[in-house]
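The two complexes that follow have subunit A in common; it is paired with subunit B in the first and with subunit C in the second.
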Partner chain A sequence: MKLTDIYWDYKPDINKIEKEIELNIDANHPILQEASSHLLKAGGKRIRPVFVLLSAQFGEYNIEEIKNIGVALEMIHMASLVHDDVVDDADLRRGKKTIKSKWDNRVAMYTGDYIFAKAVEIATYYDTPDIHKILSHALVEMCIGEVEQIRDQYDWNQNLRMYFRRIKRKTALLIAISCQLGAIASGAPEAHVRALSRFGYNVGMAFQITDDILDFVGTEKELGKPAGSDLLQGNITLPALYAMCRCDDVKGRIIHHLDENVMDKKEMGETISLIKDTGAIDFSKNIADRYLMKSIEALNQLPDSKAKTALQKIANYIGDRKF
Partner chain B sequence: MSSTYLYSEELKSIIDSFYTKIKHPYLQKYIEDPQIDADQAVILYMMLKEKKVDQAYISQCILTTILVQAALDTHEQVSVDELQNETNRKKRQLKVLAGDYYSSLYYSVLSKVDDVTLIKVLAKSIQEINESKMNVYKNKIKKIQAGFDDVRTIDTSLLRNIANMLQMSEWKNVIEEFFFLKRLLKERFLWLDKGMKGSLVDMLLYEVSETDKNTEYRGQLLARFDRHIEVTKDKLLHISKDWVVNATFLQKRVHELLVENKYEHWVMEEG
Partner chain C sequence: MKLTDIYWDYKPDINKIEKEIELNIDANHPILQEASSHLLKAGGKRIRPVFVLLSAQFGEYNIEEIKNIGVALEMIHMASLVHDDVVDDADLRRGKKTIKSKWDNRVAMYTGDYIFAKAVEIATYYDTPDIHKILSHALVEMCIGEVEQIRDQYDWNQNLRMYFRRIKRKTALLIAISCQLGAIASGAPEAHVRALSRFGYNVGMAFQITDDILDFVGTEKELGKPAGSDLLQGNITLPALYAMCRCDDVKGRIIHHLDENVMDKKEMGETISLIKDTGAIDFSKNIADRYLMKSIEALNQLPDSKAKTALQKIANYIGDRKF
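Up next, the complex of A and B:
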C-alpha cells in the first residue's frame, strides 16, 4: 500500500493545499520564482499537510479555514530543505538537483529566506495566539536541533539521550505541531488536541528512527544515496550508537572513521555488516515500534472516525515502510 | 562605532537583550556575533519615541527588527566558493543555521506578546528584501534607477514598512535618503581604499560608456559616486529642515558619516 492510498479520500483538499503553495511561492524575481517552482516540482509526501487535514477532522472541518496551516507548515519544511542542502553541501535531493547545485548557495539562501518569510506571513492569517506560540517555539527548537546536529557530528562520545533529543527537534516536532495546529485551527476539543500532538510526536520519532535504519539496510537505488551516508557524513544514528556499545570492533572502526574521515565504500560495506551482526537493526526497529505503539495509544483517546483510521494506517505504514 | 550608539540607556539595554537572546555556546565558538547597524536601531527608536508608544512595545519592536536584520546579514555571509577546509565548512554550516535561528527568534518574541501585526510587517519586509537581493545579485537590473530602488529596499524595507504600520509616512523619505547616503559613502570608501566592489559599482558603471570604461574607469566612477552623494546629501539635509524634532541628530550623523568614510578627504585629494 502506498501512502497516497491511505489519504485518497482527502486528495481534493490536499490538491487545494498544493495549489495554494504554488500560488504563494510566486515571487517577483524570475530566478526566485524558478527556484521555488523547482522545489515544488521535486514534490515530497506532503505528510505535514496530510496530518493537518486529518487532525482538523476532529473539530469543525472547513478546508478554507485550515488550509493556511497546512500551507505554512509545508513551506517551512521546504525552506528548511533548501537551507539544509547548503549545510550538507548536497547536490541532489530526491534524485533532482538541489537549488544550491542548480544555481548557488546565495540563491539558495535567498530562496529559503523568502519562502520561510512567506510561510510566516501565511500563518498570520490566524490571530489565535496559541497557533503562533506553538509554531514559533517549534521553529526555535528545530534550529537549535540543527545546530546541535552539527555539534554532535563526528562525536563518537555521544549518548542515546542526545540522539533522541536531536531527532525530536529535527523531525518529530514539526509532525507533532502539524497534528496539534490542524486540530486547534478547527476548534477541536483540548483533549483531542493533546492526543493528536502526542500521536504526531510519537509517529515523528518512529519515522526518523525508521529513516535512520533504512540508511543501513537500504540499497543505493532505494535510498537515492549510498548506504551508510549518515555515518559517512559523521552523523551517528541509533543503529550505530547501539552497535558501538555492543561491539568493540565496530566501535573501533567508527571512531577511526570519525577521527580520520577515511572510509571507502568497501570498508563501509563491512562496517554495515558488522553493525547488523550486533542486532542493532532489530533493536532500533523495536524502539521505533514502541513509539508507534505509543502513537496508537494516543489515537485511542480519540472518537472513532475515518480520520482516526487513516491516522492509524499512516502509523502502520511508517512501521512497515521499506524506503 | 558610531557616537550615536549609546543614544540612550534604554536603547543600550535593548541591544544588550539582543545579544543575550542570540547567545548559543556552540554558535559563539565558531562564528562571530552579528554586528548591529546602530543607525537602524537609533532611527527606529526615535520613530517609536515620537509615536509615544509604550516602553514594552519599543523594546519588542527594536529587538525583533534587529533580530531580522541579523538573520539577513548572517545569511549574506554564507560563502558561495568551494570549501577549502573543515573549519570553513563548519563556519558556513553554522552561518546558515544561525541566520535561521535569529529569524525564528523574532517570530517567537512577537508571538509571546501576540503581536501578529508586527510579525506580518517583518515577514513581508523579508520577502521584499530577498526579492531585491536577487535582482541585485543576478543583475536583472536594466536601469540604474531600478538598481538604486532595489538597494533602497534592501537597506530600508524593514524601517519603511514599520513607518507605514505606525502611520508615520513622513519618515519614509528620511529613512530612504539617509541609508542610501550611508551605502554610497561606504561603498565609495571601500572601493577607493580596499578595491572592494559593492553592489553600486556595477550600477554606476551602467551609466558610463564602453569607451570611457576602458580609459577613464576610475575618474568616471568616482565622479558618479560623488554626484549621487551630493544629490542625496542635499536632499536629506533639505528634508531635515522640516523634520524639526530630530534634525540635529540627522545633521550630526551625516557629518560623522562623511568623516568616517573619508569623503571630504578623498574629494580634496582627487581635487
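Up next, the complex of A and C:
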C-alpha cells in the first residue's frame, strides 16, 4: 500500500494546498519564484498537510478555513529544507538538484528566509492567539534543534538523550503541531486537540528514527543519496550510537572517521555492515515501534471515524516504510 | 548634539528593552547565547525601539504594554544583520568581529533564524491581529529586498527606481512599522498611527540614503569599515548611480570594476574623488532632505508634545549626522 492510497479522499484538498503554496510563492520576483517553484516541483510527501486535514476532521471540517494551516506548515518545512541544504552542502534532494547547488548559498539563505516569513504571514489569516503562540514557539524550538545539530556534529561522545531531544526539535514538533493546529483551526474539542498533538509527536519521533535507519539500510537509488550519508556528514544517529556502545571496533572506526574525516565509499560499506552486525537496526526499529504504539494509544482517546482509521494506517505505514 | 541626548528621558525604558532582549536570547544554549550576546554587546543605535517608545506617546504610554514591540523589532533588525554578514563576507561590524567570522556561516545562519523566530514569538504577546499582519508583511518585504539586493549587485544597468524600492524594503519599512506598531500597541488614534507610519517611512528612506552617502565621505575610523565598501561589494547606491549618469569616465571605471572586480584601495580612492566631483553627494543629500521634509510634514498632523519635538530632532539629526 502506498501512502497516497491512505489519504486518497483528501487528494483534492492536498492539491488545493499545493496550489495555494505555489500562488503564495509566485511573488513576481523571478529569483524567488524560480528558486521556490524548483523546490515545490521536487515534491515531497506533504505529510504535514495530510496530518492537518485529517486532524481537522475532529472538528468542523471546512477546507477553506483550515487550508492556510497546511500551507503555512508545509512552507515552514520547505524553508527548513532550504536552510539545511546550505549547511549540509547537499547537492541533491530527492534526486533533484538543491536550490543551493543550482544557485548559490546566499540565494538559498534568503529564499529560506522568504518562505519562512511568508508562512508566518499566511498564518495571520487566523485571529486565534493560540495558533500564533504554538506556531512561533515551535519555530524557536526548531531553530534551537538546528543549532544543536551543529553542536553535536562530529561529537562521538554524545548520548541517546541528546539524540532524542534533537529529533524532537528537528522533526517531531512540527508534525505534532500539524495535528494540533489542524484540530484547533477546525474547533475540535480540547481533549481531542491534546490527543492529536500527542499522536503527532510520537509519529514524528518514529518517522525520524525510521529515516535514520533507512540511511543505513536503503540503497542509493531508494534514498536519492548514498547510504551512510548522515555519518559521512558527521551526524550520529540512533543506529550508530547504539553500535558504538556495543562494539569497540565500530566505535574505533567511527571515531577515527569523525576525527579525521577520511571514510571512503568502501570503508563506509564495511562500517555499515559492522553497525548492522551489532543488532543496531533491530534495536532502533524497536524504539520506533514503541513510539508508534504510543501514537496508537493517543488515537484511542478519539472517537472512531474514517479520519482516525487513516491516521492509524499512516502510523503503520511509517513503521513499515522502505524509503 | 548626540542622538542619546534627544531621547535621554527614555533611556531607562530603552535599557528595559535591551535587558529583555538579553533575557530572551539567553536560551540556555551556549552557542546561541554566546553568538547572540556577542551581537548585543556590539551595540547599535537602538533607533527602532526609540521610535516605538516615542510613537507610543501618542496613545496610552505604558512601558510594560509596549516594550515587546520594541524587543521584537530590534531583534528582527539584529537577525537581518546576522544574515547580511553571512552574505557580505563581512568580518567587522561596528569595529567588532561579526558572528560569522567568529564562528562560521552555519552558526550565523541558524543564529539569525533563531533570533528571527524568537522575535515572532515575542510579538505573540499581543492578541491584536493587525499587529501580526503588519509585522509579518514587513518581514516578507524585507526578505524580498534582500533577494533584490543580490539580483541588483554588480548590475550597473540598474535605475534609480530599483534603488529606491530596494532601500524601502531593506530599511524604511522596518522603521515605518516601528512607529506604526508602537502607536497601535498604545492605542493611539488611527489618524495618528497613519501619520507616524508615514513619518517612519520617510525618515527611514533618509536614514538609508545618508548611510549610503557616508559610505563615500566617511573615514575608515568613522565607518568601522573602509570607505567605498558598498561599491567594493558590488552594491550600487545613490551617489554612484548619479555619478554614472553624469560622467562617462566614472561610469567606465565603475563598470570595469563591477565586471572584473579588480579595484584596489588606491583606485577606490580615485573613484570616490571622481564621484564627488560630479556633485553626486549634494544630489543625494538633496534627496535625503526631501524625505526628511516629508517626514516633518507627517509630524505636523500630530498634536504638539515632547514626543513630537523629539521625533523632529531625530529627523534633523539624521539629516546632519556624520557617522
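Structure notes:
Throughout what follows, the second predicted complex is superposed on the first by the 323 of 323 C-alpha atoms of A that agree within 3 Å, B and C clash if a C-alpha of one lies under 4 Å from a C-alpha of the other, contacts with A are read in each partner's own complex, and residues count from 1 in each chain.
Simple rule for what comes next: contacts are C-beta pairs under 8 Å (C-beta built on N, C-alpha and C of every residue); 3 or more make two chains touch, one makes a residue touch a chain.
None of the values given here were measured: they were computed from a predicted structure.
Aligning the two structures on subunit A places subunit B and subunit C in a clash. By the touch criterion stated above, A:Leu160 is placed in contact with neither subunit B nor subunit C. In the superposition on chain A, A:Arg151 makes contact with both subunit B and subunit C.
Of the two partner chains placed by superposition, A:Ala191 touches none, neither subunit B nor subunit C. Look at A:Asp113: by the touch rule set out above, it reaches both subunit B and subunit C. Within the superposed three-chain model, A:His83 lies in touch with subunit B and with subunit C [touch as defined at top]. When the shared chain is aligned, subunit B and subunit C each come close enough to touch A:Cys143. Residues 27, 29-32, 83, 86-87, 105-107, 109-111, 113-114, 116-118, 120-121, 124, 127, 129, 132-133, 136-137, 139-140, 142-144, 146-148, 150-151 of subunit A contact both subunit B in one complex and subunit C in the other.
Those residues of subunit A whose C-beta lies close enough to touch subunit B in the complex are 27-32, 80, 83, 86-87, 89, 104-107, 109-111, 113-114, 116-118, 120-121, 124, 127, 129, 132-133, 135-137, 139-140, 142-144, 146-148, 150-151. Those residues of subunit B that touch subunit A in the complex are listed here as 24, 26-27, 71-72, 75-76, 78-80, 83, 89-90, 92-94, 96-101, 103-105, 107-108, 110-112, 114, 116, 119-120, 123-124, 126-127, 130-131, 133-135, 137-138, 140. Of all residues in subunit C, those touching subunit A in their complex are 27, 29-32, 83, 86-87, 105-107, 109-114, 116-118, 120-121, 123-124, 127, 129, 132-133, 136-137, 139-140, 142-144, 146-148, 150-151.
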